[in-house]
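I have a structure here, written as structure tokens, and I will follow up with some questions on it.
Labels for the chains are A, B, C, D and E, by order of writing; each one numbers its residues from 1.
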Amino acid sequence: MTGWLGPEEWQAVALSLKVAFWAVLVSLPLAVLVATALARWRFRGRGALNVLVHLPLVLPPVVTGYILLLSFGTQGTIGQFFKKFGIVLAFHWTGAVLAAAIMAFPLMVRAVRLSIEAVDPKLEEAATTLGAHPMRSFFTVTLPLIVPGILAGSVLAFAKAMGEFGATITFVSNIPGQTRTLPSAVYAFLQVPGGEASAMRLVIISVVIACGALIMSELLARRVAQRVGGS
Amino acid sequence: MTLSVQVSHKFDGFELDVSFEAPEGLTVLFGASGSGKTTVVNAVAGLGTPDQARISVNGRLLVETQRGINLPAYKREIGYVFQEARLFPHLNVRKNLLYGRRMARNRSDKISFDRVVGMLGLDRLLTRHPAHLSGGEKQRVAIGRALLSRPKMILADEPLAALDERRKAEIIPYFELLRDEFSLPILYVSHSIAEVARLATTVVALERGAVSRVGAAAEVLGDPAFTPAGVRAVGAILDARVTRHHDDGLTELDAGGAALFLPRIPKTEGSDVRVRVAAHDVILSRDAPKGLSALNILRGTIVAVRAGEGPGAIVSLDTQAGRVLARVTRRSVQAMELTEGQVIHAVVKSVAVAPEDVGAR
Amino acid sequence: DINVFAAASLKTVLEDIGAAFETEHGLAVAVTVAGSSALARQISFGAPADVFVSANADWMNYLEARGHVISESRRSVAGNALVLVRSKAKDANAADATIETALSGVGDARIAVALVDAVPAGIYAKQALKSLGYWKRLSPNLVQTDNVRAALTLVALGEAPWGIVYASDALVEPRVDVVAVFPENSHSQIVYPAATIVGGKPNEARDFLQFLAGEQAQQSFLENGFTAIGDDE
Amino acid sequence: MTLSVQVSHKFDGFELDVSFEAPEGLTVLFGASGSGKTTVVNAVAGLGTPDQARISVNGRLLVETQRGINLPAYKREIGYVFQEARLFPHLNVRKNLLYGRRMARNRSDKISFDRVVGMLGLDRLLTRHPAHLSGGEKQRVAIGRALLSRPKMILADEPLAALDERRKAEIIPYFELLRDEFSLPILYVSHSIAEVARLATTVVALERGAVSRVGAAAEVLGDPAFTPAGVRAVGAILDARVTRHHDDGLTELDAGGAALFLPRIPKTEGSDVRVRVAAHDVILSRDAPKGLSALNILRGTIVAVRAGEGPGAIVSLDTQAGRVLARVTRRSVQAMELTEGQVIHAVVKSVAVAPEDVGAR
Amino acid sequence: MTGWLGPEEWQAVALSLKVAFWAVLVSLPLAVLVATALARWRFRGRGALNVLVHLPLVLPPVVTGYILLLSFGTQGTIGQFFKKFGIVLAFHWTGAVLAAAIMAFPLMVRAVRLSIEAVDPKLEEAATTLGAHPMRSFFTVTLPLIVPGILAGSVLAFAKAMGEFGATITFVSNIPGQTRTLPSAVYAFLQVPGGEASAMRLVIISVVIACGALIMSELLARRVAQRVGGS
């Protein structure tokens, strides 16, 4: 494979995997929290939160990237706040993680939310009567039961993160080895006459990775479903 | 009083205002569907917040809304057995059983894992998942799970309703054990007379959100006026002691000096039992009957004859064994000229007493 | 009316020129903008274009090689210059300097450019930095964007203190200062070739090309920061 | 034969091989959980394809796998009443009822909408949605829905299992109507002896995938050897005719010349009924008893005494009213010296016959 | 509103609404079919179908657009086939519909599939025993019951279609009045010095429309759920 791909392309693949991995990992807890809130809690602003979560799905990615740049850039208020803690996002691979995470977030939240809605709240009640604090009952009962949903959501998010381009390049630009992800490389190839072949090679790689992830998630979900059994 | 409950709550279209006290033992909440039983039990468990409540168990205050006291459910140290078992599907039986254990580490341990597993016959099931258990097995695990969280009280909301007769018969004895061996206060919802008769120390009858009757089980069920589940539910509860198991499969009981013969009862000689004798299984005879296949004949004095709306009448008589009820036709009342004070014989077939009508006292 | 497919950076100026053309010829001009690469590919797939104005020669060559443009009609309609810009947010006094002194002063600050191997503006920037001998030192500083406008935006926002963009873009962005202009000979000539498309409306397209080369249009290009080219290709 | 069924199928770990013929009327498939009842009924309905099957109803061949004939379910013209009602939640009661109607437009119409609605008492429910019906109401709608699709046969898979006693009693008469008034062949799954006794024309008992017994209901249930549901299920079925409703609420029946008095039965005078008399409700007396509250005394001859495993024995006697079974203790058998050929009196309390034990014949 | 927006911008809004509307309408039947297949049928190639459906979610949109151009363009085999029937897609607003439909397809299928999986197949069985052909039972039982899922999926797809940019501009270009959708217009404005204000105005419009759709779908879903009742 390394022979077929140039070192630069290889670098892009590795970077994309890293970015997608971290994007999923970082957004997972928040996605579970938000999904729980949307599925279980009744609070003011629930509708607004729902809309907010879906925005990246709806907005042109470039716009999302631009908004990220305004808020998380070195000049942005959030960016400056983060900087105090030594966290740099702009033009850094961590920024690519943020962009990918935000773009994939709605997919993840939807998947997790649906699986939470499928868990009978009466089980949590039962845990509570057994002395479990609601937090504990969430972590020991609900969470294990929504693993299939979390898996499905994560894989979908992973695949989406692998393919994210517009927001990423707008927010963190395209620095080889730092923020040049697979889709950025694909885009670059498509910009030069005759670059289609190279572009397609990279596309195939990302499709293979994404398909692998999708198939794996179906298998995992089935296995978990079996373990948990009929009920 | 062990259990003191006062709850009021308004749903749209339904108003609950319940208040009762119950002594040690098993208290049955009895009433038609929609009378508010679950709402009361949930208030005790701390699931859902009633508009107004004051509940204490063995002197421990669980909630007093007026003083702003409201222990959250997970601090109430209560074991709740739900109608649908509600086992955790991702955990095997062992882990389900131990779920409440960790949270109760600091509490005293007279309830050991092995004892509970042994008592409920769960040994062979420990590694199974709930999806592979039958309804009765599930319910047994649910009881064990509640018990192993070392509760100060057990709640059970129609724990047998989803089971067929055979499974019901399988589970009931475990509640007797909870009541007798673990001496746990139990609040038990049911609308089966058989369960009430067998298990209840105290009966709290609910009707449309209010308490219609509270009292000792024998007293409430033995009252011909109390027929919430239809006339076929009327019956007397006799206290007796197992005196001997005979070789021909009969068990002899001593009920206040009178001998009763019943199909074999799985209790050791000397143990106390309660026997429910349904009123419709009792035949009355003016003369001491002879040449009858029925073995149990109790002589007694009629204390009341109460004609119902239908063709039947309930005759209460005091016997050596206690108060016995007989349901006879009005026609027989006339033919036999039954009146108060009359001496009469009550005939009870041994085999007419169903196995589920005999329980531990 | 006439369908003009044009590199995105030409949007404003071509719309102005189109309006003037309409007044003169009574023919409306619809300007379709996207990246030159996308437009060229679309034309090769039969997009309903009458005129194509590319941001560089490569994509025009691509179409010409495939017989999609009428070769005789091809001509450069405008040029541009490459400039080094600096964010106003960073430093108020960005006085005129030579390109060398300016580039020396970059230090390790970021420079926003378009993709240096793909997008024309980036390709020119790479050529210029190489020929001036700064490529080795400054290439780690580069942040590349998918088009030149995005690079300019980075500078305007102050995310990147420096940028290498077209003079035409820098002109109208008040949040940046032009520090220096890259010498014309430091990179290939920046031209915008235009041609009529095979299968389009030949006469109207020819008229519009002529109009582009005309005085009024060239004046518009100048006003928008492009360099005039005239009739000379 | 109206119904001819031959099905064999292999699941992993379970093998079904069933074959039986049943005459007109209601055929009950009776058997323990997991014995294959649902599999058989589904094969008749055309849900799921068994490995091998030949099924015909009233001469109409539904499936014969060997000849490659297999009518799809929707062409079998069968009305299926499921245990869980399976009403369409998005349709109101009226639309649920009419769902199968359109597909059956061409078939003859002796089953009118109004008649079904009237019979099942659904008038007030027509605009409600299933979510707002009680369990019993749901099941009534399900029966009506099946009926209104103008089926040539009704299938019912434990249609009462999810209901409590009161609801059960409410639904059973409707199946009697289907059987008697609409003369529809019915295949009915149940493991309740009371239902079997009351409804069955024919009983097909299944045991682990095979037919263990087929026969007329009275015959199968009256056989002391047939006790699949425990001894308490044993009982006799007597055919009788309503002769008179008395003012004191009793109904007098004529069973083969013998008079029986039962609490009021909601049947017109002259109609035929079947009465199940559970064996454990019968007392035997050597002498004709006097001064007893029990009104029904049948004289008969003992034809068999069969001791069981426990303390009990089943005594079969032939009376005017037909074969009667009595469950007594072995001790009584000895004490009374019961032997075949002996003349004896069977005493049945009027009130011991539960209302659900009396049905239309 | 017309005052606030220029006629060109207004045109873009109208076009985007039209494109998104048709994209949802056209893809709905196929989405229901595919969702049913994935949820209910067991067949060879089910996994492949699942992956195929998800591809547009995973691929960089530009690549999807490029593939569309290759296959549905005037030179593409499918494009030429369609042409025989007088259906032109490339560089036509119908092509924008196709691009939007394909990009939104995975979202729609997921939503519908989940709601189909929530319908008890036993209800369909019951319909069959009442004499309904399986097709009829699908249309009279399953379909009405999944209306909330279809609604939710449609709205999400509509929102996504409103925001689709990369595939659209690559496949059908950015022709004013014909294929210049809202996001394309945003892109064009972002290319123009000082165009950010106009771009943001358009972004806000698309956000408002998308949010409106999201909120409406939640309300509709709730109402349908109520109508159908607890079961």
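We adopt the following convention: a contact is a pair of C-beta atoms (placed from the backbone, for glycine too) under 8 Å apart; a residue touches a chain by one contact, two chains touch by 3 or more.
As the structure is a computational prediction, the values presented were derived from the model and not from experiment.
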> Among the other chains, which touch chain A and chain C together?
Replying inline: E
> Which integer distance in Å separates the CA centroid of chain B from that of chain D?
Replying inline: 31
> Hey, how far is the Cα centre of chain A from the one of chain D, in Å?
Replying inline: 60
>> Measuring centre to centre with CA averages, how many angstrom lie between chain C and chain D?
In response: 90
> From the C-alpha centre of chain A to that of chain E, how far is it in Å?
Replying inline: 22
>> Residues touching two or more other chains, restricted to chain E: which are they?
In response: 66, 187, 190
> chain B: which residues touch two or more other chains?
Replying inline: none
> Hey, what residues on chain C touch two or more of the other chains?
Replying inline: 153
>> According to the definition already given, which pairs of chains are in contact?
In response: A-B, A-C, A-E, B-D, C-E, D-E
>> Quick check on the complex: what are the chain D residues that touch chain E?
In response: 45-47, 72-80, 82, 84, 86-90, 99-100, 103-104, 129-132, 145-146, 149, 155
> Mind pulling up the chain E residues that touch chain C in the complex?
Replying inline: 66, 69, 73-76, 90-91, 169-170, 173-177, 180, 187-188, 190-194
> Touching chain E in the complex: which residues of chain C?
Replying inline: 3, 5, 8-9, 11-12, 30-34, 38-39, 41-42, 45-48, 147, 149, 152-153, 169, 171-173
> Along chain E, where are the residues that touch chain A in the complex?
Replying inline: 47, 50-51, 54-55, 57-63, 66, 107, 110, 114, 156, 159-160, 162-166, 183, 186-187, 190, 199, 203, 206-207, 210-211, 214-215, 218
>> Applying the document's contact rule, which stretches of chain C touch chain A when the two form their complex?
In response: 35, 37, 40, 58-59, 61-62, 89, 110, 112, 115, 117-119, 142-146, 150, 153-154, 157-160
